[in-house]
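Same chain, two partners: subunit A is paired with subunit B first, then with subunit C.
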Partner chain A sequence: MTAAVETGLTTTIHGDRVSLLRVLGPAHVWALGVGIVLVGEFTGWNFAADKGGALAALIVCWIVGLLYTSVAMIDSEVTSTVAAAGGQYAQAKHIVGPLMAFNVALFLVFAYTMLEVSDAILLGDTIVAKAGVEGLTHNSFIAATIVVLAWLNYRGVLMTLNVNFVITAIAYISIVILFFSVSPWTQGAVLKLNELVTPGNSLPYGWIGVIAAFQFGIWYYLGIEGTTQAAEEVRSPARSLPYGTMAGMITLLIAAAMTWYVCASLMPWEYLGITYYPLWDAGKLTGSPLLENLLFIATLLAALASANGCINDAARAWFSLGRDRYLPSWFSAVHPRYRTPYRSILFLLPIALAFAFIADLNQAITFSILSGVLQYTFMSINIMMFRKKWPLGSIRRGYTHPFHPLPAIVLFCLCMVTFFAIFLGFGSQLIAMTIFYFLISLWFHFYRYKFVRRGDQFSMPWPKPQGY
Partner chain B sequence: MWMGLSYVCWGIAAVLAAWMLYDWFKVDTTYSEAVLTSSREGELEAVSEKHRI
Partner chain C sequence: MARYTPPEQSKAGQVFDIAVVVVAIFVALWLPLKLGLAGAAKSIDPLDAKTWDALGQNATMASIWEKLGYTPETAHDIIQNRFHYIIDWPTLIIMAIVLIAYFVFLFRASDKEYREVINEKFDDK
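So, the complex of A and B:
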């Protein structure tokens, strides 16, 4: 189609193709990454205290922080080179191969859709807890959350991530306000860390408790790698993606440390490990109605921002699968007016609603974490292959991560520890998911791959890999 | 108040879902499948973009 097309939608299309719009900057990348993750400070990380005590929650905060710093550095390098929607899927396709790429895309869709479901359930439960009205259920709030955010995503990526930036910033600032409101420089006035975390109770289950805590320590940072899904919609991928991702990781490390310090200084580990609202509870425990309400609203906003980013990312991963014919190409349609992958957004909407209505929070979170850790394991292997096939100097990189291969080795080892921790808590789900990915891989290899246009799927203008 | 808010949420969800389904139908019947699925990976189009809404 070369001529302009005038329609009832008052849309004009010039050129040959309808593509996603390149309208985003580094702030949007930050909003996407931190927006997805920040809900983990408001709920999730604290279950690590139940597994191993308050000190274990702090230890995994730093060690899992190391895992995610490796993820952010590795991701920044590869994505600044492979700037395509689908993020890690496009990376896997070019660097490892189609079967890995198909699996990675499914990891992405599962991780983000299940996280979206968890966010919607959390938001609904938080409102019901606040209301305290008999007969009030969370279903209406879940439906409104998922549908309104899908609608926002449907209408355009710029407004979606502008909204995410504002609500993420408010949620983040609320943590900072809480931190400075409790006089963090003075123990005894409000905070009682030395009374609540003592040598006798800091690690109640010993070091195996620390290992078990890894499963929920992931929540401090789960989803920061989602920034790469914006690769095809940022104006300058080589600059914006590394900048937004690394800034997001620094932001989260600070938020995680502040969150642990305030919560562990206000609540005994036995309660901290089981509450669904550690920061909201911390706000209540200060005795200030202002802080209590601020943290209540911030919990809702963090859940909204996370679900919003997850819809954005899951839809782009699904869209990319359709575009390469790994799934029917019907899914690769772009809205001619809003320039969004509208069919993928609409297809995933009822799936998210169904899971939100029938699944419980723990199951949804576990499936999200499992898919996330599978993805991180892939990333450690992916970067080794990337550096080997295309060494430094052979292609232009927007960012080169330091100390290679140390981050990849650290990432791989920490993923193995996390798998073990998940096996301790949710062994049957781990085995079930592994069987699922094995069977779906067989389907792809023996049935679906024959529909793929093999030459078209490799779009990067790179030289042949070393040793080819 | 909370029960009222709950009903409002159902209403908003229903209206927006219906709008998206209507828009989906309108777009799919207005444009050809070739145009809608014409996106290609990694294309840089910002320089020549003349898209107008």
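So, the complex of A and C:
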């Protein structure tokens, strides 16, 4: 039996200090970010069409793309400077304070765990739909997906992200193949955008529908900020994280535009808004069995890649909470052989399984979006505080994002619009979740914080922040 | 400033804290589902005449619906299932108050804790 003691930044086993392995490069960062997000093109984004029409889905694709470009710019600067596992959690700890860090870690865990749940439901439903066997349910497929991916994560981060790189690349290439197979430069042969998106139905609910569509517009890109979770396992964080994140964002903007164009040109918005498999349906509607099967496989791969990345990220955020004693330090153990946060991976496994069986796809997506938007609101304020406490030139930054404070202001304003969009459909849920975060914050501030070593919360070699 | 030494937490205390967190997670995520708070309000605006024309579908749209295996009767409940966006001002105000109160508490309490961290970290040097 292994005797493990968790202290500070590492786990000590039989006197040897064990830490996370630095084995990842920019391609892995890209695979982690795009792998988590790409499933959004295969399902989820299209619910924006349900809320506001096909044109609203395109408008929010662009505007929410702006929101995420701001997220990627801000994140790249802060993370290339605060390179520690936990990503935004470590940022909050060094810039705002322990309670904010605790909340940010919970945002991350909830957003990623519910995204993992959504992926597993999508995968199960897709297989059941393809099989077309009466009485076949998605339960066994969901359970197998979550358990096998958790095992993969348990075994090692390099293997996990190598697998992600391959399956994400295949899923992405399938979108490109579909796009060029339908002669996108010609209308009327396969694509019929003019006849499906008409002046009469493009915005069926008017501009209020466009605002409502923001809720699911987030799904085009939700999770790209997850690249920062690998900060402690990347060989050169200052270089790899900005490159990987920005390349991922560009990749996703291209994929989102192609996906909208093909899907809106192949199916009526009412159907597009409710289908769980818009790209697979697009493949079917081309009449090509090859494309249909390719998009079926790509939907499964995208769901797998996303769930895989989500387990990776949620476990690292939870691990960080344990390591800093914000939660019991038992969670901070690193596996002596595989060098992974194995207890955190195992702890989150039954939670994901439970919600995969009690929530439907739409609800799981909304849970994830809610935590994501709360986190983006924090990020917009965080960068302002970062620049104020350590102005340019006072510390070494791996990357400095341009046009400050414009990205932060844009991000904050778009978060407010998204809160309003969520209110239009899921207001009570938003209030319930915010009350939960409020109560758990009281628990942390007035009870749990007494177990936290104060000075250890600041580990960066920076000067004292201005104003303190 | 004297360095703060946190108390050692017993195993039972750790288990209790884990249980608190697990219960809180399930209450936060499961309760809205159980109470029916999750999910957007949509309702079907029924039509008497169930034809593609009455459903606002042109020839291209109708052919795609048929390719997907739908008839005007089976597509009716999908096409006519609409959102009714009504701004419920009291709920909106409550939501805004809850969100603002949460973030104000978060930043103020965090700042208090952060000052302790900074004082201990930099007074040690």
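One rule holds in what follows: the second predicted complex is superposed on the first by the 452 of 468 C-alpha atoms of A that agree within 3 Å, B and C clash if a C-alpha of one lies under 4 Å from a C-alpha of the other, contacts with A are read in each partner's own complex, and residues count from 1 in each chain.
Criterion: a residue touches a chain if its C-beta (ideal position, glycine included) is under 8 Å from a C-beta of that chain, and two chains touch if they have at least 3 such contacts.
From a predicted model like this one, the values you see are computed outputs, not experimental measurements.
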Partner chain(s) touched by A:Val133 [first = subunit B, second = subunit C, both, neither]: first
First, second, both or neither for A:Val417, with subunit B first and subunit C second: neither
First (subunit B), second (subunit C), both or neither touched by A:Pro336: first
Contacts of A:Leu346 with subunit B and subunit C, given as first, second, both or neither: first
Subunit B versus subunit C as contact partner of A:Val148, first or second or both or neither: first
First (subunit B), second (subunit C), both or neither touched by A:Arg448: second
Most subunit A residues touched (candidates subunit B, subunit C): C
Touching partner for A:Ile170 - first (subunit B), second (subunit C), both, neither: neither
Subunit B versus subunit C as contact partner of A:Ile395, first or second or both or neither: neither
Touched partner set for A:Met384, first subunit B, second subunit C, both or neither: neither
Subunit A residues contacted in one complex by subunit B, in the other by subunit C: 329-330, 457
Sites on subunit A touched by subunit B in the complex: 1, 5, 7-22, 83-86, 90, 127, 131, 133, 135-137, 140-141, 143-144, 146-148, 150-151, 154, 232, 235, 320, 322-324, 329-330, 332-337, 339, 342-343, 346, 349, 457, 459-460
Subunit C partner contacts - residues on subunit A that touch it in the complex: 50-51, 92, 96-101, 103, 110, 114, 192, 195-196, 198, 200-201, 204-205, 208-209, 212, 266-268, 270-271, 274, 281, 285, 325, 327-330, 347, 351, 354-355, 358-359, 362-363, 366-367, 377, 381, 419-420, 423-441, 443, 445, 448-455, 457-458, 464-465, 468
Interfacial residue positions of subunit C with respect to subunit A in the complex: 3-4, 6-7, 9, 14-15, 17-18, 20-22, 24-33, 37-41, 56-58, 60-61, 64-65, 67-68, 75, 78-79, 81-83, 85, 87-88, 91-92, 94-95, 98-99, 101-103, 105-107, 109-122, 124
Contact set on subunit B toward subunit A in their complex: 2-3, 6-7, 9-10, 12-13, 16-17, 19-21, 23-24, 26-27, 30-46, 48-53
